[in-house]
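Presented sequentially are two complexes of chain A, the first with chain B as partner and the second with chain C.
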Partner chain A sequence: MNPTLIVASIRQRLASPLRMAVLAALVGLPLLPVAFAPAPGLWFLGDSMGIALVVAAGAIGPDVSAGVLQILFARPVRRSEYVLSRWCALASGSALVRLAQIAVATLILAARGSAPASHDLVSLVVGNALTPIGIAAVLVMLSSLAPGLGDLGLYLLGNLAGLVLEFWGRVAGRSFLERAGDEVRRFLTPDVDISPILNGGDVPWFAIVSYLSTVTLCLAVAVVVMNRKELSYASG
Partner chain B sequence: MPADDPGVPVRGPSRGTPRVLLWVAAALLVGRVATGVYERRHVESHMLPGSIQPADRVAWRPIASAEAEARESHRPILYDFTAEWCPPCQKMKREVFSDPSSADRINRMFVPVRVLDRTREEGKNAPEVERLFTHFNVDAFPTLVVVRPDGGEPVVMSGYGGREETLRRLIEAGVEARSGMGAGDPMGSRPGARRK
Partner chain C sequence: MRALDRVSLSIESGEAFGIIGPNGAGKTTFLGCLLGFLKPDSGRVTIEGREADDLEIRAATGYLPERLVLDRWMSGADFLRYHHALARLPEGRRERDVMEAIERVGLEPESARRSIRKYSRGMLQRLGMAQALLGEPRYVFLDEPASGVDPAGVVLFRRLLGELKARGATVVLNSHQLEQVERVCDRVAFVQHGHVESIETVEAGARVAHVLRVRWSAEGQAIAGERLAAIAAESGAELRSATGSEARFAVSADEVAARLLRGLIGAGLAVVEAVPEESRLERLFLGRPAGSPPPPSPEAP
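Presenting the complex of A and B:
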């Protein structure tokens, strides 16, 4: 991975006013009920998918469309290095934003005398750090396949297809369709719930291995696709 | 030349493929299938013959430690009174407790405790299970009971009226329990099975 590329990717995200405005809303609005609701709790924060999507959408596609990569790869930079640095920047960026939101919410709750139990906090922090990292890998893969913000479209389409499959399987009583839909959605939003471990239950090996498999598979596909891409000023 | 033409060269100054990544991805893919098959068999060995149920994702706590955990974490206890033979209970398990987002919400909001009735299978229940049935006067399945960490009036929800409604009622009951405002029966009567 290339630190210069990682920093450049983060700066590129920070330079987009629209993205920053949406991100500020996604971070700030859930904190309002945490601060003012009569029965505050961390569940008001919801999940981390929104933040991950806003930070990581358009991971590679816009660079292809804008002709940035043609110039970048004229330098001694490997395509795999670019893909992995990009993922690293977006994954760590979205995870840090989410963790900062949780930290602020925890401070607010502590100030209101409703500090969450350490057990809950550990579970929430680990889960909310892992999900954006996974979603960033998925979006990097989808972005290597589609120009511009096409990765976001593919992501939403994939989730919709998963929901339709699940619904169809449920209505038709076909469990394999239901399972397939569930797997599609789990692939697109990889996460690991560690609460069974914290509660002294079994280690969720399938969830852990599935998560790692999704992340590595997405990055491997993105690298292979980028390696096969013929970049010219006429492409994209 | 098209962007993804299979005829384009895959080697060049910027085109190195990290083989370690490919090997790790392949190994994890194999591991994914293996752990998936293992967990499926493991779950099936704990299920009734012929039933098809996805894994329950709620982190159910033991009855004995639930009250202490609820007091410590300031979260209400959610008791799920259920039975293996009860079809609405299995439907609720499939649609609510096996759904990742619903289960996640329940895990965060409550200290969840499953109270499994075994009178049909074994003729009687364990004393702590029977104590809860008597205490909350439960005579139908499924019944969800939300209890405030400091005791107080429990919220009792009998029957199963679908995923969305159950979640909505649970969140309402959870918020009420946290704010110290007990309620009666916000679920009303829903499809369920009689205990005896």
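Presenting the complex of A and C:
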């Protein structure tokens, strides 16, 4: 990975006022009920998908569409280095934003005398760090395949397709369709639930291996696609 | 659609090599292959015996694309720092190199601190040139470098190209500005309909027939048309037209033009200007039907 590319990717995100405004809303609005609801709790924060999508959408596609990659790849930078650096920047950025939100919510809850149980907090922190990292890998892959913000479209379309399959399978009594839909959605939003470990249960090896294989597969596909991409003025 | 085929050429180290041809001829495709952005279906592009996209080669390469798209959220100076770091140039030299590059392309230090979003087309091109020259690259690929640049910028770019050549960099220049190519390049490839029609030395244009426009002082000695025609015939040229203190002569080569000028001056004319109607490259390549043989050129490889 290339530190210059990682820093540039983060600065690029910070330089987008629209993205920052949406992110501020996604981070700030759920904190209001945490601060003011009669029965506060971390569940008001919802899941980390929104933050991950806002931070990581357009991971590669806009660079391809705009044509900035030509001048970048004229430098001694491997394409795999570019892909992995983008992922590292977007994954760590979205995970850090989510963890900061959880930290603020925890402080608010503690101030209100409703501090969450430590094992609940650990489970939430680990899960909410891993999910954005996984979603960032998926978006990097989709972004290598689609120009502009096409990765976001593909992500939402894939989730919708998964939901339709699940619903159809349930209605038609076809369990394999239901399972297929579930798998599609789990692939698009990789996560690991570590609560069994915290509750004294077994290590969820299947979930851990599934998560790692999804992230690895997505990054490998993105690297292969970028390596095969020819950069002409018509690209994108 | 054919985009180049059977191209086979070698560019010497330290050579300035021009690529010219009409729009859509495949010049940029050719440059894309040289830079390793486009993979040829067959054949190879090697630089110092390595693949064109070898990282060591890229570390020694500067590139200015025709359609320059920069990361517009950066300031000009940030953009140069970014490329300085990507080029693996020493961090300790970064600020000095960036400021020197900004000065070299005639950008104000104040404007370098502004967002690239606010740059004019000409400023963008200057910034692009500055990034291409960072670290004094051994190989410089320039695609229409003076596109969108004001006249002062064109002159500046011409000087920068001269400096590149003087310090022994290998320059590949794709430009529609034939005068710029002629001044800088040692050899020129004429690309048309997707393939290289011919490769010529710029000097070869001196041996091609062209029209020379000669102007002399109106206050000096007058001369009759018949006398002009006679002087032209004696020197191997042909008078095309004559009006007042100006005449046009058809000459077969630069040597003939030199004899003609000696004859005119010898006849008492105060010659103040002698300008070919076409540059040497225009003579060489333009107006020649596709596929027709190039003019004889003993120096051409």
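The definition used in the following text is that the second predicted complex is superposed on the first by the 236 of 236 C-alpha atoms of A that agree within 3 Å, B and C clash if a C-alpha of one lies under 4 Å from a C-alpha of the other, contacts with A are read in each partner's own complex, and residues count from 1 in each chain.
In the analysis below, contacts are C-beta pairs under 8 Å (C-beta built on N, C-alpha and C of every residue); 3 or more make two chains touch, one makes a residue touch a chain.
Please read all numbers here as calculations on a predicted model, not as lab measurements.
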item	value
Touching partner for A:66 - first (chain B), second (chain C), both, neither	second
Touching partner for A:42 - first (chain B), second (chain C), both, neither	first
Contacts of A:78 with chain B and chain C, given as first, second, both or neither	both
Chain B versus chain C as contact partner of A:193, first or second or both or neither	first
Which superposed partner A:230 touches (first chain B, second chain C, both, neither)	both
More chain A residues in contact [chain B versus chain C]	B
Contacts on chain A seen with chain B and repeated with chain C across the two complexes	73, 76-78, 230-232
Contacting residues of chain A [partner chain C, same complex]	2, 4-5, 8, 11-12, 15-16, 66-68, 70-78, 230-233
Chain A partner contacts - residues on chain B that touch it in the complex	1-6, 8, 10, 13-18, 21-22, 24-25, 28-29, 31-32, 35-36, 38-39, 52, 54, 57, 59, 61, 72-75, 100-101, 103-105, 107-109, 175-176, 178-179
Touching residues on chain C, where the partner in the complex is chain A	28-29, 32, 35, 37-39, 53, 55-56, 58-59, 61-63, 65-71, 73-74, 82-83, 85-88, 128, 131, 141
Interface residues, chain A side, partner chain B - complex	37-39, 41-43, 47, 73, 76-80, 84, 114, 116-117, 119-120, 123-124, 127, 175, 178-179, 182, 186, 191, 193, 195-196, 199, 201, 205-206, 209-210, 212-213, 216-217, 219-220, 223-225, 227-232, 235-236
